[in-house]
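There are two complexes below, and they share chain A, which is joined by chain B in the first and by chain C in the second.
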Partner chain A sequence: MTITHQVEQLITQNKVDIFLGYKDLDGHLIPHSFTRDNLDELSQLQVGENRYSLEKIATHLTEKHPDIKIGIIARDCNQRALNLLYVWNQLDPENIETVNVNCCPSPLKPHGDCSYLEPKQSGAYKREHGIDFNMDAETLMDSYDNTERFSRWMYEFGKCIKCYGCRNICPVCFCTECSLEHPSLVEPGILPVDIPIFHLVRATHMAGRCIDCGLCEDACPSHIPLRLLYREVNKIVSTIFDYSPGAGMEKSPFNIIGDKVVLEPQPMDTKL
Partner chain B sequence: MDCKFVPSVCSYCGTGCGVLFEVIDGKINSTLPLKSYPVNQGKLCIKGWNLHEYINSFMRLKTPLIKEKGKFQKATWDEAIDYSAKKFQTIKQEFGPDSIGVLVSAKITNEENYLAQKFTRAVIGTNNVDHCARL
Partner chain C sequence: MTIKRITFLQELLKFMGLEGRLHLEWISSAEAQKYVQVVTDFTDKIRVLGPNPLKLGTIDELVKGGVKI
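So, the complex of A and B:
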């Protein structure tokens, strides 16, 4: 059954009120919402290289209409983001239907649709002074000593133009109050940002959250290797808590507000 | 419930980054970079990311204003255009065309900028035309 058929069934059988997919508009693949009212447009439904955070759009829709049933074209990264949003009560799995499409290629799925299939090119200057996009953590650790790595990360962070794009595009950034906008942590109206604290604040908040979709790195105008940074932060989380964000519906170790209190309430130490 | 995605060009500067507006219930809810746009290749600066804010701002002017007795009064476009045309004519007759200058903007399109310089040179009759981005 083709994707179009699956979506048509979801809509006509009233399983979803709105389906978020993609359509081609003058050569640009952009998100499009398919509903009962525009069923004739379903023939334009397409999947290609461009990825948008459809689940973030779903959270925006849910904010306005809490009971709306939403269908989503889901690659593996979308699915991981959805799992995380369910765990953090941002979306209700009852209200979401997914139509899964190809993602990264594998022997079972030789065809993949993702902008990540092409390795990113790092320029000569970036390779010499910064961190190559295609470098993994092990190579980075083996190739440079502490001082060298620090100076390379500082070079990368120093390019930041404080666009907040990494936060804005992030499907799992849903806090109403963001630490990066807190005046005592990040001084408003000041450029360049305080490095490395700005990036490390975000990195610590990505611990147990980042689902490694890579949209932040895609959106970064300064080519900072954010994906590598957040991967490393999450390696710590998976070593200590044995938790990988978005892998399933397992509750996050960082979910402070749970169903029951696990710590005994104790009086605060007045001697301090 | 209505959800639309409208591609557009950022109106903040002359670079011309491609943006995608997420419109929910007829109101622009957020701005996204247009992934495949050749100019910005899926990236935006902080102004572009917040493009929807000034569109939705309560301070945004929706009608022209004419200053009468030191106070701004709401006016229709016809009234405002008539008023400015008359004022321009009086100034031009009294002090000559070089007493008028036109500043154009990076926030309008190339074609609108062309029209503005044409208006300045051919209608007003002066070379006093400049651009806000000429720093």
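So, the complex of A and C:
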């Protein structure tokens, strides 16, 4: 059964109210919502290597309509993001239907669809002064000493144009109030942004959240190797907290709030 | 939880090239000598590391201050 048929069934059998997928617009796949009202558009549903955080759209939809049933095209990274959003009560697994598609190629499924299949190229200047996209954390730690690492990261962060693209595309950035937008922490309208604080605040907030989809690095117009940074964050979290975000449905060690209120609410005694 | 969070931050700062500038210690109000010892040791450690490069602020000043970018 093709994906189009699967989606058509989900919609016509009322299993979902809206289906989030991609459609072709002038040769580029853009996120699109398919509903009962535009069933004829289903012929345009396509899956290619373009990626977008569809689960972020789902989170926003659920904010406005808590009971809406959403279908979604899911690669492995989308699935990890969904798991994390379930754990943090942003989405209800009861209301989400996934249609799984190919992700990274493996011996079992040689064909893969992902914009990450092509390794990124780093220019000569970046390799000399910054951090090579293809470098891993261990090589970075082994190749450069403390001072050099600091210089290289400062070179990378110094390029930031404060577009907030990394945060906006991030499927697991769901806070209603973002500390990176707080005027007393990050002064509005000022460039360059306060480095490395801006990026380290985000990196710290990615602890226990980042599901390593790499969309932030994809979106970054300044080519900051964010995926490498957040992968290191993940590695530290995994060592210290023994937790891999998005891997399953276990409660995050960073969520200090329980599921239930255990104290009886009581009126305050005004006589005291 | 605190020790885990601080260890996380220490590891992240190490990755960024700011190793050794964060220290966590539990000291009771009755442990004046321990307090003095910890602060003295940490001050000595920081003195060896030199001023925090972040204090220089903007990129221009970092470059002036000798950070290669």
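Simple rule for what comes next: the second predicted complex is superposed on the first by the 259 of 272 C-alpha atoms of A that agree within 3 Å, B and C clash if a C-alpha of one lies under 4 Å from a C-alpha of the other, contacts with A are read in each partner's own complex, and residues count from 1 in each chain.
The rule is simple: a contact is a pair of C-beta atoms (placed from the backbone, for glycine too) under 8 Å apart; a residue touches a chain by one contact, two chains touch by 3 or more.
These numbers come from a predicted model, not from an experiment.
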{"item": "Overlay on chain A: chain C relative to chain B, clash or fit", "value": "fit"}
{"item": "Partner chain in contact with A:212 - chain B first, chain C second, else both or neither", "value": "neither"}
{"item": "Partner chain(s) touched by A:92 [first = chain B, second = chain C, both, neither]", "value": "neither"}
{"item": "Chain B versus chain C as contact partner of A:161, first or second or both or neither", "value": "first"}
{"item": "Which of chain B and chain C A:64 touches, first, second, both or neither", "value": "first"}
{"item": "First (chain B), second (chain C), both or neither touched by A:24", "value": "neither"}
{"item": "First (chain B), second (chain C), both or neither touched by A:192", "value": "second"}
{"item": "Which of chain B and chain C A:169 touches, first, second, both or neither", "value": "first"}
{"item": "Shortest CA-CA distance between chain B and chain C [superposed frame, angstrom]", "value": "20"}
{"item": "Chain A residues contacted in one complex by chain B, in the other by chain C", "value": "none"}
{"item": "Chain B residues within the chain A interface of the complex", "value": "1, 3-5, 7, 18, 20, 22, 24-25, 29-30, 32-37, 40, 42-46, 48-49"}
{"item": "Complex contacts: residues of chain C adjacent to chain A", "value": "4, 7-9, 11-12, 14-19, 53-54, 58-59, 62, 67-69"}
{"item": "Touch list for chain A against partner chain C, complex", "value": "129, 137, 140-141, 144, 146-155, 158, 192, 195-197, 200, 203-204, 207, 229, 232-233, 236-237, 239-241"}
{"item": "In the complex with chain B, residue positions of chain A that touch it", "value": "17-18, 20, 25, 27-33, 49-52, 57, 60-61, 64-65, 68, 115, 161-165, 168-169, 218-221"}
